[in-house]
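Scroll down for the structure; my scribbles are underneath it.
So that you can tell them apart, the chains are marked A, B, C, D, E and F in the order they are listed, and the count of residues begins at 1 in each.
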Amino acid sequence: MTDKKTALVISAHAADFVWRCGGAIALHQEKGYEVTIACLSFGERGESAKLWKQDGMTLDQVKVARKGEAEAAAAALGAHDIQFLDAGDYPLDLDRDQKFKLVDLIRKVQPSFMMSHSLYDPYNTDHMYATNVAMECRMIAQAWGHNPGEKVLGAPQLYLFEPHQTEQMGWKPDVFLDITPVWDKKRAAIECMQGQEHLWTYYTNVAENRGNHFRRNSGGQAGGRAAKYAEGFQSIYPRTVDEL
Amino acid sequence: MTDKKTALVISAHAADFVWRCGGAIALHQEKGYEVTIACLSFGERGESAKLWKQDGMTLDQVKVARKGEAEAAAAALGAHDIQFLDAGDYPLDLDRDQKFKLVDLIRKVQPSFMMSHSLYDPYNTDHMYATNVAMECRMIAQAWGHNPGEKVLGAPQLYLFEPHQTEQMGWKPDVFLDITPVWDKKRAAIECMQGQEHLWTYYTNVAENRGNHFRRNSGGQAGGRAAKYAEGFQSIYPRTVDEL
Amino acid sequence: MTDKKTALVISAHAADFVWRCGGAIALHQEKGYEVTIACLSFGERGESAKLWKQDGMTLDQVKVARKGEAEAAAAALGAHDIQFLDAGDYPLDLDRDQKFKLVDLIRKVQPSFMMSHSLYDPYNTDHMYATNVAMECRMIAQAWGHNPGEKVLGAPQLYLFEPHQTEQMGWKPDVFLDITPVWDKKRAAIECMQGQEHLWTYYTNVAENRGNHFRRNSGGQAGGRAAKYAEGFQSIYPRTVDEL
Amino acid sequence: MTDKKTALVISAHAADFVWRCGGAIALHQEKGYEVTIACLSFGERGESAKLWKQDGMTLDQVKVARKGEAEAAAAALGAHDIQFLDAGDYPLDLDRDQKFKLVDLIRKVQPSFMMSHSLYDPYNTDHMYATNVAMECRMIAQAWGHNPGEKVLGAPQLYLFEPHQTEQMGWKPDVFLDITPVWDKKRAAIECMQGQEHLWTYYTNVAENRGNHFRRNSGGQAGGRAAKYAEGFQSIYPRTVDEL
Amino acid sequence: MTDKKTALVISAHAADFVWRCGGAIALHQEKGYEVTIACLSFGERGESAKLWKQDGMTLDQVKVARKGEAEAAAAALGAHDIQFLDAGDYPLDLDRDQKFKLVDLIRKVQPSFMMSHSLYDPYNTDHMYATNVAMECRMIAQAWGHNPGEKVLGAPQLYLFEPHQTEQMGWKPDVFLDITPVWDKKRAAIECMQGQEHLWTYYTNVAENRGNHFRRNSGGQAGGRAAKYAEGFQSIYPRTVDEL
Amino acid sequence: MTDKKTALVISAHAADFVWRCGGAIALHQEKGYEVTIACLSFGERGESAKLWKQDGMTLDQVKVARKGEAEAAAAALGAHDIQFLDAGDYPLDLDRDQKFKLVDLIRKVQPSFMMSHSLYDPYNTDHMYATNVAMECRMIAQAWGHNPGEKVLGAPQLYLFEPHQTEQMGWKPDVFLDITPVWDKKRAAIECMQGQEHLWTYYTNVAENRGNHFRRNSGGQAGGRAAKYAEGFQSIYPRTVDEL
């Protein structure tokens, strides 16, 4: 559609994009994509336990702290842009105006692909809500009658990035991305998340084990690619190709 | 793994490959792949009604006729090779030796990708049996202890081609292939199936409507590719990529 | 319940009923049913690309045009009635009052069966939203405490009509309806959709291929019915019968 | 196809048909169908605990006793015929010859519909095996090249009757049959099962509660049919109809 | 977490808790748990047909009557507490304030486990809505930033109790609870539901048949426990144990 | 049933039990269970790549080597017994006699619970075959008519242990077991697998991350148990309990 290749990540809370698709962000940025991150909330109420344990903490202080961490992580990944919709969390809930702001962003970015959460998450209803919003706003962005005259959206893939406890979410990856070349950037972004240090090792283990899956599925002991770190994604829509 | 790109189609009965992946065969052959077709049976008992309605027909005569049709269709598609395992149909049932012959073929071809039927088919248990055999023989071909010294198989994708009555089979395509450039070859192969003329229009409709799906998923009214004919496939294994 | 047999089609956008169940509407009307169509929106924003490409087009003009097309199609099918709820599209969203208006309509019609969209549609969230509304309003219409004194609803079947790209929606038909006697009416209704001419051939192909499925499932080469055109539906509730 | 309406029940063990579809057998027999029951085994090893607790019991004695019970139950239901294939149980396993005998029976009966077990049963692998055999033999019976000259089978529905612990089997009924008129016959057949008296009340409860489901789905408190006893079935294939 | 063991039942309508988990309530209360019941609505519009058939009935009168029945049933079960949120039914719809009241209750109770409805219910959308609310409010109750300073919730199991027509809801029990010791209390609670006498036998049958399932799964004829009555539940989250 | 608590692990290949349930074996052994491991094959053809790369290797030599590793691992775990059925691998295929030997073992052990592979595995059909055999032989072991006079089996749970690439197998754990106290034993057993050193880190990562899941599901930041290593299992049958 355009010369420029772009991508848009829709993250329910401020830190989600780091653990789940930090490698994809850094890698595509290195490949010349402009990757934009949209944080629907800061995770200020539900994913900032460490901050709330401090005396006298306020909601605004938590938001500022979380925003700072997310911006630092986005910078570590070399992301093109990060936007905060500040729609509130636990529960996340976008009204029509907020959805239309997200549509504006989608149309502005004109992403080659989008990313969001799993379809189901009984631990965190914000996550599945964000995915539904992503599908709904993708549809609105395709409507010729929404802000007529604007460039409408094509048909970008929506990749669901890896949730915590994948099997409980019914999430099944159909593509593994080799993120070995940008692993250092992802690790640096992870270390920006000062409030969630208990997850650093967890997601390093995930990246290593997804690397094993990459090797297996690219040929295993009979020719598999020596990827050390990988990320997995589940596609919502079928691909269209000229060669299998 | 090798310089030569190859593919292997495992077809339960002689004609299945024509309707379900004739376009993929012709297209990849044009792209320099060597595509081999393995017909596990001729469909001699169960898919040759028109022949059996002739007086004095014998099983051998049916096999010869069906083999002829399949070879003509393979030629029309420009397929590299077509092999007949003659394992019998309705029901299809391969013993260990026949499975090992299929393993031999898989290893000889060293396919970049394989194709077979849907995982479930309550109308035609031969179809789902063939898919199970394809998965089992793929596994055996990967075993270093099977005929030690032979080149073992890597990790080729197994694509499930389109069954009849897709929804009843629980088949869901995740990739559409534009077969517009080779449609004439596929139609010619279809017309080799003299005994099943009632299906010519059916699968032409399918190809046209899959073309619509290709256009939709490649961008729709906002930039979709003008494919006229397409085929759909369901992938069993995740892909491994360097870019989404 | 009553002497008169009736049916109610709940269509998210103005044109959906034509492609997806135009045959069922015309056929049951011929059989003496009174079939009412409820269009929740005109599809004015999201399904009117051709109109929006005209200079100076306004939302009201699009609505008028789409309403005209839908009324013409309903007339071509011989439908008893068509109602427009004008709830807006992309996204479709009914508030409590609008839902209660739909409940009023359901109670007035007292349908023998209802029809709506598939349960899942990642391309078009309006569609799955409409189905949820249909289930919710069916439930409200059954409540003795909703507008006490009104005749409450029985337990009509809810048929999900055929979506675009059936496999992506997880839609599985469990009944095929022979629409051969009314095919001309359905085709005429299809041709009322001037803005979507690219779908005319598509849905003619669908009708032909569903005819093939009808023949197969009614006996195939050993006695199948010679249906030329058919429509498929998925039932939400179990049937109750006196004979299998 | 023929003037005579017929049905065929394929029961893994001798008693299965009684609990699971005794009502359907008696009811259709009263409606003029000829219903044939095929018991693949006697349930002699796995479903005859009470007999095996007797001193000196032999396999042949158990078979004779179980056969007697099954014949008495079939008589109580007024079944047209009952056939015993004696293929062994725990595990049930039919070789090619035994399958072809079942095909012979299917062709002889030319059933309007068939019945068998659920698709999945982790408690009793014989049950799911029987269903697979039913699907496979239905397919063979449709083959024009199997015993050419015989009348081939059409496309009868395959109903899956109610398993024990329905939810564990993933069984979902899509049709309820009112068996109130023949309940006395079903109860009499149940009482023929002297070795399984602990199940009499269980399946009476099932029949009563399925009667509740029948009432609900036929209209509930707003016009539901006053069925007292019912049986539920899951259909494998879509129906073909002229009216919804 | 605390010395006291507690449980919280979230019931869409006033009577649901009686049929679906009355045994679990009475049993755990006897074991020293404090069980709290939260009725989101009285079922005043949709589940009080008998009352609405009386002349001059008003919504408030129905609420009072239903509340009385529910309190009597809770007393019969020995429940620790019953709370009514009066959020309205058919449809049930909680705004943010009402959700936060439910969160307050969850935090106050600090339940060892929670209970609610099935994930899917096409007959009664209130039921699946209640389950979604239960998951959402469980998540909010875990947020350190929601009413900072309050004791946050741990990770209680959410059990889905038995719906009507289990198979239609896709509900699958993974645990059976022996309620034989408290059956008399459950039956007494059931008989408090004067308006739904047609369900008394139904749910007695259910309890007896679930008793059969308990016996089967605890050893069957080779050592099963002689439970006479049981209830089944589906778990949303995995368990954490020190011994299998 | 008996005083002694016992367990039986059914492993398709020699090494499977180490990675997938080594912790459960060691832990239950420490708790006084007698845990028996049944290796259906040595994985001699398909899971011994490193050995086959040595010059002059024979099938018998591979079997001996693999047997030695498995015995060493079993010893490291403190397992009560390890049995080798030597049924062959790639493909694994048990005839009736071999199944009956497994039934003999099941009856001899009288396990409180059994363990085997996932229900589906498109990478390794031996795995899903082993699970089917486990279910079938469990059923045969329950048959009073199989070797009458022997003690029949009760109703032990069948736990499916963790496969490689869990999401591709459709495997979903419903229970996490804290194996922290025996982690050293599991790691020692893992290190017995000299031929598969590339998996040591992989399964250490898995154990650590399952530890995270254990902590989350036992209370998370609000009281979760400080497990460092865990294993996950999927249950086939419902549990029967006296308290939730």
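Methods note: a residue touches a chain if its C-beta (ideal position, glycine included) is under 8 Å from a C-beta of that chain, and two chains touch if they have at least 3 such contacts.
Every value quoted in this text rests on a predicted model; they were computed, and no experiment measured them.
Path length between chain C and chain F in the chain contact graph, taken as the least number of steps between touching chains: 2. Looking at chain D and chain F, the chains in contact with each of them are B, E. Listed by label, the chains touching chain A and chain D alike are B, C, E, F.
Chain B and chain E have centres, each the mean of its CA atoms, that are 52 Å apart. The mean-CA centres of chain B and chain D are about 37 angstrom from one another, to the nearest whole unit.
Multi-chain contact residues of chain E (touching two or more other chains): 49, 123, 142, 144, 168, 173, 213, 216, 221, 232, 237-238. Because contacts link the chains in a way that matches no line, ring, star or complete pattern, their graph is best described as other.
Pairs of chains meeting the touch criterion are A-B, A-C, A-E, A-F, B-C, B-D, B-F, C-D, C-E, D-E, D-F, E-F.
Of all residues in chain C, only 44-46, 48-49, 52-53, 57, 59, 62, 89-91, 93, 122-126, 168 touch chain A in the complex they form. Chain A contributes residues 49, 123, 164-168, 170-173, 198, 201-202, 205-206, 208-209, 212-213, 216, 221, 232 to its touches with chain F in the complex.
Residues of chain D that touch chain B in their complex: 96, 99, 132, 135-136, 139-140, 142-146, 148, 158, 236-238. For chain F in complex with chain E, the touching residues are 1, 7, 24, 27-28, 31, 113, 142, 144, 151-155, 157, 159, 173-178, 213-214, 216-225, 227, 230, 232-233, 235, 237-244.
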